[in-house]
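Letters A, B and C mark the chains in the order given here, with residues in each chain numbered from 1 onward.
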Amino acid sequence: MNARTLNFLGMGLVGVIGVAFLILTPRFAELDAVLELTIYMIMAILALSLALIWGYGGILCFGQSAFFGLGAYTYAIAMFNIGESTVPLLLAIALPAAFAALLGYFVFYGRISDVYLGVITLTVTLILFNSVNSTAGPEFHIGVARLGGFNGIPGIPPLNYPGNRTAVIDLEGMFYLSTAALLAIYFGLRLLLASRFGRIIVGIRENERRAELLGYDPRAYKLAIFTIGGALAGFAGCLFANWGNFVSPTIFGLAQSAQIIIWVIVGGRGTLIGPIVGCIGIQWLTTALGANQPSGSDWWTRLLANAPLVLGIILVAFVLLVPKGLVPTLGDFGQWLLRARTRRTTSALEPKQAEER
Amino acid sequence: MKVNRRRFLQGTAAAAASVGGFAPNAWAEDPISVASIHDLSGGLDIYGKPMVDALTLAVEEANAAGGLLGRKIKLINYDTQSNMQLYTQFAQQAALKDKVAVVHGGITSASREVIRPVLGRFKTLYFYNTQYEGGVCDRNQFDTGVTPAQTVEKLVPYAMKKWGKKVYVIAADYNYGQITSQWVKKYVTENGGEVSSIDFFPLDVTNFGSTISKIQAAKPDFVWSALVGGAHMSFYRQWAAAGMRKSIPMASTTFAVGNEHIVLSPDECNGMLVCYNYFQDLKNKTNEAFVAGFHKRFGADYPNVTELAMGTYQGFRIWAEAVKKAGTIDRIKVIEALETGISIDAPSGKVTIDPPTHHCVLDVHIAEVNDKKLKVLEDFAQQKPSDTAAVCDLIKNPADNQQYVIKI
Amino acid sequence: MDLIALLAIQVLYAIASLALISVGLAIIFGMMRVINLAHGEFLMLGGYAAIVATSHGISIWIAMLVVAPIVVGIIGVIVEMTIIRFLYGRMVDTMLATWGLSLFLVGLTTAIFGNTTVGISAPLGSFQIGAYRTSGYTLFVIGVAVVVLAGIFAVLRWTRLGLIARGTMQNANMAAALGVNPPRVYAVTFGIGAALSGLAGAVLAPVSGVFPTIGVAYVAKSFITVIGGGAAILSGTVSASALFGTINQIATFATTPVFGEVALLATAIVLIRLLPQGITGRFFRRGL
């Protein structure tokens, strides 16, 4: 069994588990679990968007939250003004994509790379945070939608089936939609990366100069992948605004941006399934640390019921013990097991082969 | 009763406990679950921690007094880590998984507007115990904090009489700051004064140098502060460092809610006027007993029982009173009991639910910051939530469900 | 006239505070390419160190200028030896590790000090410029910034330590071949960077207060300053702080603090677009 078959096997496994999860969860899990899983799925789409542009495109984007937030705000504002969700949904994908294209043009054609790119994207999301955060006054509105400043926009109407504004997608529908979207995006990206385009992207990541000398324009390819990533993040933002019926400027903040990067590092860069796993794992951990806090003020509760403290220790330990990220490490482990087995079989065969000769 | 794993485990645990002879009381039935959803870490923990401590004490007191309806009360405590997404998640968990009788929680108005629709949808009673800008009209929600009409209306004329008619307003740039500053303007104008300027600051601003120069140029008789949060505390420091505290006095209905008067040195804030429902040094029997109990539970060095902590304590007490009156934890019956205008004798004085608005009628007091304490100067008994009452009548329109922007 | 003098002081103060909060990060990032997301927490710890020292009766000046840098410097060395040491050359992993560290430090400080910590107030009183009063402490902060920057210049330029540090930064292998011990240089450099952050946090504590989550307010801004400045530690920090501080303060004074902040950030974007290697990638290339 070689790496290629392993790869196909992995993809098949993801597909089977994914579809089973999609169909079975709402039947067996209680509603609160379904709701919680929905947000994990939505955030996983966001994680995928960065997995694509950073893990494969090699673009360290510290401002993925800018596109995520723009998607959420676009959906909210358009929804209040239009009332039927098809156009707002499309806008929530198109606008962040256009913004990503614009920003991408600005940076890639300026030959900005590496950490400078990270800082520019971070700065962009902080500008959005500061601007939106200061729109609390009644004079700030787009159409009938008040921007609300720090308080954000509450009561965002949910998605409806296209064309029929009364047929609102219910809570289970949101789960189906998010999970199916996640699966579709995952396999779509696998296809994209297996295509000629995807291979060039990875080639550019590996050696930009060489790709350029071979006649590819790295700037255009980077711009394309960055725009796709922006569109995906915007779509995730639209789903997020739907899930909580709420959006506020913290979506653009430093904590949110850093969190997306953390998911990708924890799960493993250069894979797609890794960031999904990393995202779900960290989200679950954050939620679990906040739930059922003991109340009291003795030393032990102060240390143990202290979400940032525990999460911080886990992250530091993780980076020291699992430096490559979760999924690549598991992959290495699997390959090591395989190799160990083949080694054993070959070594067992050796004497006999020798005799045959 | 559906038996699932959790119930089963609880049952066995209880059985084990009673066999072992550890059970302090023989409880008739399952406990009544009460959820607390507050920020216990992250930037807002300065407000959330005292609220949860007060709620914990209230639950423990109730249990020591025999619980509610013969059942023990179990507090389920969620830490939202100053993260809005977790507010949604935990509100869903509390309503659907824990099936709690009531949720006490939410600190900022933003977090309230996140929780409110979730709990409305899943039919779980909600208490919001923070002072806020007013105007929420929702039959499923009760508000035990003060609103601008209850405090600003009293403090503005008091400060104007003391210092003069020209006011400079500085406020946090969000819903609460925006609306409160409009109320200040209204009352200043009604009392024959003038607001020379209103400046807004996002919650993370820490450098106020140029603002302080602007205020000096405007030469007001006093400054009204509606600044909020840890970052804004630096305004008071820079104000005092520029030597302004002695020349231009200050009044506020947000100062000291986050224990600013303890964090800052007396030199930086003595003489400032504030107005709230509760002060730790209020002189009445109920309060003295409460403070003694609080210090016994959380240590005598506990910095200060804040306005928000008392709101939460009183919120729980009112809810418990309504449950007793209704004889059940059924949501509609409890709401009906609350809507009879139920009242309790609380540490801050008498607190009564105002049926049409679901807000509270309560005492307010004006106090002065004096060496890390708040010295009460004047009392105003039984203030009505007249701002919300102007727009909201839940007895006439029980189906109403929105936050009004009150025309000022 | 007095207004212009006042504004000038405020601009200088903005530059000084920006340079102070960034210089520790510039050393850590510039010399070791470690993206230290716990930088804000180092500043926060400096503030706490000063507060604890003052409350134990130590003079506020010694607490700020001596105790805070030493304490945070030691913490920095410990962090380098237990975490960062294993991550050199893996810039991305240092991000995850220091983000975790930042959460850990916030949690730990909350557990130890709670969230209601009595602060220290600014000494030195105030003085009059024409019709305006302003804080004398502002001038002190400007003075500290000048002394710190001059000190770094002197160390880098004229001492053996500075020479070794510059050499290791340029080519660690060559330095090692010449008998330098890079791990020790890195530990010392990281410690010095942390110490300077601690000093900045302590000096700014009386102005902006101290609470466990204050680090967030600093970290993004100091990063933008360091990257905007480019590779040269000293001239980069100074020139970027001067540019950003001036624009921020003037925009704030003319309009609102939000606009000042946005103006700073927008300047940073334009700057990096025009000078993709930061200011010192183009100007002052021979600076330190």
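Simple rule for what comes next: a contact is a pair of C-beta atoms (placed from the backbone, for glycine too) under 8 Å apart; a residue touches a chain by one contact, two chains touch by 3 or more.
Computed from a predicted model, the values in this text were never measured in an experiment.
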Just to be sure I understand: going only through chains that touch, what's the smallest number of steps from chain A to chain C? 1
Farthest chain from chain C, going by the mean of C-alpha atoms per chain? B
Whole-angstrom distance, CA centroid of chain A to CA centroid of chain C, is 32
So what's the Cα centroid distance for chain B and chain C, whole Å? 37
Shared-interface residues of chain B (touching two or more other chains) are 41-42, 173, 200, 202
What residues in chain A touch two or more of the other chains? 130, 133-134, 255, 306-308
Residues of chain C whose C-beta touches two or more other chains: 106-107, 110, 216, 256, 258, 261
In the complex formed with chain B, which residues of chain C make contact? 3, 6-7, 10, 13-14, 17, 106-107, 110, 114-122, 125-127, 131-138, 206-209, 211, 213-214, 216-217, 249, 252-253, 256-258, 261
Can you list the chain A residues touching chain C in their complex? 60, 106-107, 110-113, 115-116, 119-120, 122-124, 126-127, 130-131, 133-134, 254-255, 258, 261-262, 265-266, 269, 299, 302-303, 306-316, 318-320, 323
Please output the residues of chain B touching chain C within their complex, sorted ascending. 41-43, 45-46, 49, 82, 173, 199-202, 204-207, 209-213, 216-217, 230-231, 233-234, 237-238, 240-244, 247, 259, 262-265, 267-268, 303-304
So in the complex, which bits of chain A are touching chain B? 30-33, 35-36, 39, 130, 133-134, 136-138, 148-152, 154-155, 243-246, 248, 250, 255, 286-287, 289-297, 305-308
So in the complex, the part of chain B that touches chain A is made up of which residues? 36, 40-42, 52-53, 55-56, 75-81, 83-86, 88-90, 92-93, 95-97, 108-110, 113-114, 116-117, 173-175, 177-178, 200, 202-203, 298-299, 405
